């Protein structure tokens, strides 16, 4: 399968009045045609910054690319000009935002918001664009598109708005779709519909999807591969099965432990004590060390290398070093899992 | 990075207790400390406060410094330019403008502060009661405010000044009769927002009575918005006073305010521009200082707006 | 739509009734009769005058007559300007005020919006600071002080523009600037903070993510949304221009309605005070109605029934 996107050693900082916040530190991942990569982590882990930097949507300053490259079809887009980026955004990649209530322009008809990109990128006439807009509305499952296309966002329900946002993102048939918590603001039943829609589109168009979420339920449903982010770093990557059934990083264990399970009789949720590190002054060693129940002296001092436990799974944890004591993942994280 | 040098012994487990885990997070600061820190960074606002304090001191002591009386007229000395004897010059009746400027400052500041303070009291009470009690009461109270504010503020004040005898307190009464409405609306908005918050519910469920909730919870939490509005009401009141005085509806002679002084100076502007300069300059300076401080406070108290 | 406008018109009539009533009784409570400054008038003639102006009737009859007359858009005769009706005074002077006011409103809106957008786009850069310092100065310098400064510099010293009166466009420049500056500064600040809000909003990101250029994003998606608060400020803007005209017209000796109003106050010309007050109120209430209708047309979320959805 074709590689659509490759992120190498990406580091991004923000300059604030309190100092430089190192939001993303040395992040690597790639995305192939037709696959969904989920980036998981709690708020402040840097996942949103990572994907917004792929679209080059961060305002710089205060943001700054410190190092690394973002290769799209082999071309680095970090140093492209705004003008060049305009042709990439919408055409090569589309983006879906978290809150459908705020991500549509309230004073513009939905139809126009969909067709804008088409008119700009594909030199369509208004009529052609409108035809295509109707098609897109049908594709994302909005009933009665002839009427809906002339309505304003406030006349849509939350789920329909998110469908409209997806229609906008898909309008120019981009190869890459970036979805920043696309279901977080929606009801559970709508969530499932939206994920279903994304999967459906992906199978039709071979779109590569980067899915940001903090909800492991969504990951299990939608992702092929998973990258777990913590403190601006990716601490573990693997296929969805590997992450759920053979997690190696204590933070991944913690995440899995904090996920509610349907048939867990006791029904108690494990939380991860403590709070994420201050990225103005990130720890020298493993960012999770301060909260890790298995932390060792070395964790404080040195960032662990990635250790491959399969061709697809990589984990940055000292526990995997041969000198470390053997620690088994806690049992409760598998209790009644998806097995 | 090479990890060869790492020793076996480094792989000893260490145990944090929970407090360690919490300690890593950035130090949390209280809301007011944080606001003060932000305010201090605003050099203009600090300068504004210094200017206000200086103006206050001068309004109290300025008339004594030059050794001239604000109301002594001496036609022999009329329309003199600033000199060693008369620092700001004299007006068309030969009155010392330096003394008059600071006497006028006293009147202008007194009117501005008093009017703003009365607006504050009425507005806070009105807004808190309307917002907290809600329902019918709120509707009627705000309807009254709407009707009062339907007519332009300055028009109301002018009409009132027409029917009341000229004087200091007339000015203050006329200015406050509809001036409190802005404050009332803001306080009501804050109270409505706070009312539904959990700590009010908690306090209620613990049996606190209405009075206590209003005075201990609602007003203190709305104090940021109240302070900002107050600071921005003062320049408005000073402006209104000057405006009315300029129309000849201000304090009667021989009293002086900055407004009456500007008005007096207008007739001879072409020949004696310095007569206009001093009162006009101090009106602008005062309003500027209060506006800058008010802006600084708003930025400091509302981090959302701090960009 | 029609129903909404009708409802608003009824509301305007009710408000006007209150305003007429209040001004009527306020003026009745005013110290001294309308002829107090003409003490030389012998009692007999004063008697005749009172009769001629209906001042001997009981109060409630005077009130009723006044209400009826106002409903017929007849504000009665002026007490002080012999042989002039209040209507003719308004008809004569209002055109000046209208031209001046419209000029000032245009200035305040166009430059204010421009400055606000400019400041927001250059947020926290030199342009932003310069625009905002200008704005805080504009708010802090009262219109009448600015007017005298402008008059002194441009008319007396440089002699570039006429000192006073209102005979040509050149005459209107200085007063329009003086009137417009304070509201202009308010609009600039309002527009800046609204624009900053909009620029940080998600739909701007959506627009950028579509690949629209920065300029299209700002014009099509940014300004149109950010201008909404400025539209709701037009009501207060009209008030500011109107009350500002009281002083500015006096400084520049413009024979407009604001000047007439101030004159009527110094002369205690009660019918003119009442007439102009009612006229001003009608003007304001109608312009606020118009602003609300415009707002409803621009913001699709506002149903013209006046309720905001979600």
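By written order: A, B and C. Residues from 1 in each chain.
The rule is simple: a contact is a pair of C-beta atoms (placed from the backbone, for glycine too) under 8 Å apart; a residue touches a chain by one contact, two chains touch by 3 or more.
As the structure is a computational prediction, the values presented were derived from the model and not from experiment.
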Comparison of B-C and A-B by number of C-beta pairs in contact, larger one: B-C
Core chain by centroid distance, with centroids computed from Cα atoms only: B
Chain whose Cα centroid lies at the greatest distance from that of chain B: A
Between chain A and chain C, centroid-to-centroid distance (C-alpha), Å: 53
Approximate Å spacing (C-alpha centroids) for the pair chain B, chain C: 25
Inter-chain centre distance, chain A versus chain B - centres from mean C-alpha coordinates, in Å: 48
Residues on chain C engaged by chain A in the complex (per definition of touch): 201-203, 205-214, 216, 220-221, 224-225, 228, 298-301, 309-310
Footprint of chain B on chain A - complex, ascending: 17, 273-278, 280, 283, 290-291, 294-298, 300-305, 318, 321, 323-325
Residues on chain A engaged by chain C in the complex (per definition of touch): 55, 57, 82-83, 85-91, 94-95, 97-99, 102-108, 113, 116-117, 120-121, 152, 154, 165, 168-169, 171-172
Partner chain A, residues of chain B touching it in the complex: 1, 3, 6, 8-16, 18, 20-22, 24-26, 41
Complex interface listing, chain C residues touching chain B: 15, 18-19, 23, 26-27, 29-31, 123-124, 136-137, 139-142, 144-145, 148-149, 151-152, 156, 193, 196, 239, 242-243, 246-247, 250-251, 262, 265-266, 268, 273, 277, 280-281, 284-285
